[in-house]
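Okay, so chain A shows up in both of these, paired with chain B first and chain C after.
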Partner chain A sequence: MNEIRIGTKDEQTAFRPGELIEGAIGWNLPEELRAIEVRLGWQTRGKGTEDAETVNEIKFDDPPAQGARPFQFVAPDQPYSFSGKLISVIWFLEVRVRPKGATARKDIIIAPTRQEVILGAPAPSE
Partner chain B sequence: MHDGADNMGATGGNDNGPLVLRASYSRLGKAIGSFLFAGFWNGIVSIFVFHLIRGAMRGAFEWLLAIFLIPFVLIGLGAIVFFIHSLLGIFAPRVVITLSARRIRLGDPVELNWEFTGRVQVIEKLNICLEGCEEASYRRGTSTATDRHIFARVQLITSSDLNDIRSGHTRLQLPSNSVPTFTARSNKIVWNLRVNGVIRRFPDVADTFPINVLPAAPMEADA
Partner chain C sequence: MKARNNPFATWRLEQLQYRLDGPDWNELLGRFDRLGRRAALVGVHGSGKTTLLDEFAARFRQQGMHVCSFRLTQDEPDFGKTLDGVKSSGLGRNDIVLLDGAEQLNRSRWQKFLQFTGSAGGVLITMHRAGRLPTLYECRTNPRLLASLMEELAGGFEWPAARNAAELFHKHRGNVREALRELYDVFAEG
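Let's look at the complex of A and B:
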C-alpha cells in the first residue's frame, strides 16, 4: 500500500486571515522515510508565468513507514485567494515525502469572507 | 511577495500622518527617454535616408530602398512627435496628491487632497479615479510580454470648475470586497490613482500615483 493523505479539522477548507488551520496527515508507505514535510503555500494560475511561495512548513524527521501527525498553521494576512481575468491565487496545503517526493495536496481558501474574491464583482450592498 | 506597510511612491509623514504621493515616473524622465529613443532611431534611419537622397541626386533613385524605409521613417517621425509632446508636458500644471493616512487598508475611508500649481487655468476638465489592475507577465518567444486588465475603477472627482480643479478634497474608499496590492515575480495586483487634466491644444496632465493597499483590518470571528 502506498498512501499519503492530508485533511483539515472538520473538513474546513476556507479560512480567514489570522485563523488557525488545523489538520492532520497520514501515510502508509512500504519503505523507510527520511522526512515528511507539510507546507502551506500559494501559487498563481492564469496568463502570467506561475509564481509560487511556501509560506510555512512543518517537518517531521525520521518518521515510521506508517503513521499520522497533526499540524497547525496560522492563515497569513495576504495574499487573498482570488480569481481575475488574468490571475488567480490559490492557497494549498501539501504533504511531501522525502526522499521519494510523493505528495498529497489540498486546495484551501484564505480570504476575509472565507470565499474566493472574484475581481470585478460588484460591491456587496450595504 | 511585497508586504510592505509603507506606501510606494510616497514621501514624508509617519505611520499615522498624511502621505504625499509621488507620480510613478517623472515628466522630465519621460522627455529625456523619448529624446534618447528618437535620437537613436532617427540617427540610424538617417544614414539610409542620406544614402537614398545622395543616390537620387546622382540620378539613381532606389525605389525598393525607399519603400522599405517608409515604416522606419514614420516611426522616427512618431518618436519626434512623442518627444515634443513629452517636452511640452513638462510645462503642464503639476498636481500634489496627499492622503490622510499612510497605511491604506481595503474598506477604510481615506481623505484625498489635491492641489495644482502652475498654469492651472488652462485645465478644462479634471478627472481623478482609482484603478485596480491585474498585471500578468509571460514569455513570448525571446521577449517578455505583460498583459493588463483593470478590474476596479472608482471615480473620485470629475469637474470643469476652475476652483474645484485648483484644489479640493474627497473621500477615497477602497472596495472592501477586493484584494490588496500583490507583487510576485510575474503576477501583480496594482492600485493606481490616475489624475487626468484635459488641456486644449496642449499635452494633458496625465499622472499616475501608485498606492500600496494593505489587507482589510481583521474581522470579528464567527459567534
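Let's look at the complex of A and C:
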C-alpha cells in the first residue's frame, strides 16, 4: 500500500478570503518517514514564466507509517483565484512526504464569491 | 480558453521528455566518458538542448555525482556572483558542471571557465554551434517531431483552427519551442 490522501471538511473546495479551510490528511506508506507537510499555496499557469508561493505550512515530524491528521488554514486575502487567457492563479492544498517527496494535491478556489474570477467576464450582480 | 486549461501552457511544455533520435542513454553516457567527460550538446534555438541537459543532470545525480548547474542567457550573459559559492569550496572529481548557453561567454571568459572547471569530474555544455568542446549529441528538429509533440500535448483537445505541423515548423525555422508557444495563442483565442 502506498497511499496519501487529502480532503476538506464537507468536501468544500471554494472559500472566501478569511474563511477557515479545514481538512485532514491520511497516509499509508511502507517506509519510515521523517516528516509530513501540508501546504497551502498558489501558482500561476499559462504562457511564459510561472510563479508559485507557499503561504502557510503545517509540519508533522516523525509520523508513523500509517496515520491521519487534521489541519486548519485561514484563506488569505489575496490573490483571488482567477483565469484569463494568458494566466491563471490556482490555489492548492498539498501534502508532501519527507524524505521520499511523494505528494497529493487538491486544487481549491479562494475568491469573494467562492467562484473563480474570469477576466473579461461580466461582474457578478450584488 | 482559460490559461490553466491550455494544453500548451508552460508547465505542460516543461513536462515533455527529450526524445533521443538514435543513441539510447547508455550509449550517450558511454560516449561522454570516452570524450573525457568534457563535451557539448549542440543545436539551434528551441531544439531541446536545455531539456536534454536537465535530463543529463538527473542521470548524473542518480550516479551519485554532485551537479553544479549554470544557465546563461542574452539577458544574463555572465555568471555574476553565482560562481562565488562554488569557487570557495573548489571543484572535485565528484562534481559535474553543466553550463547552458556557453555561447554567451567570449573567448577570455570561456578560458576562465575552462580553468575554473579543470578539476571537475565532468563538464557538459550547450551551444548553438559545434566547436568549443567535442559534440556529444546534436539536437535536431523536424516537422515529424513537432507533429508528435503537438499530438502528445493536445491529442485529447478539440483544435480551434486547423494547423499544419510542417508549415508551423518552417515558419519558426525549426524552433520547436516557439512553434509550441504559438499554439498556446491559438488555443487561448479559440
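The definition used in the following text is that the second predicted complex is superposed on the first by the 123 of 126 C-alpha atoms of A that agree within 3 Å, B and C clash if a C-alpha of one lies under 4 Å from a C-alpha of the other, contacts with A are read in each partner's own complex, and residues count from 1 in each chain.
Quick note on the criterion: contacts are C-beta pairs under 8 Å (C-beta built on N, C-alpha and C of every residue); 3 or more make two chains touch, one makes a residue touch a chain.
Note that the structure is predicted; figures quoted are calculated from it, not measured.
Judged by the touch definition given at the top, the superposed model places A:P17 against chain B, while chain C stays out of reach. In the superposed pair of complexes, A:S83 makes contact with chain C only, with no contact to chain B.
Residue contacts after overlaying the shared chain place A:V117 against chain B, while chain C stays out of touching range. Set against each other, chain B and chain C touch different numbers of residues in chain A, with B touching more.
By the touch criterion defined above, A:R5 lies against neither chain B nor chain C after alignment on the C-alpha atoms of chain A. Legend: residue contacts after superposition of the two complexes on their common chain; A:R34 is shown touching neither chain B nor chain C. In the superposed model, A:E53 makes contact with chain B only, not with chain C. In the superposition on the C-alpha atoms of chain A, the part of chain A touched by chain B in one complex and by chain C in the other spans residues 46-50, 84-87. Remark: chain A residues 16-19, 44, 46-51, 53, 77-80, 82, 84-87, 89, 112-113, 117, 119-121, 123-124 touch chain B in the complex. Of all residues in chain B, those touching chain A in their complex are 1, 3, 132, 134-139, 147-149, 151-152, 175-180, 182, 184-187, 189, 215-216, 218-219, 221.
Taken in their complex, chain A has these residues touching chain C: 45-50, 83-88, 90, 118.
By the touch rule above, chain C contacts chain A in their complex via residues 1-4, 6, 8-11, 181, 184-185, 188-189.
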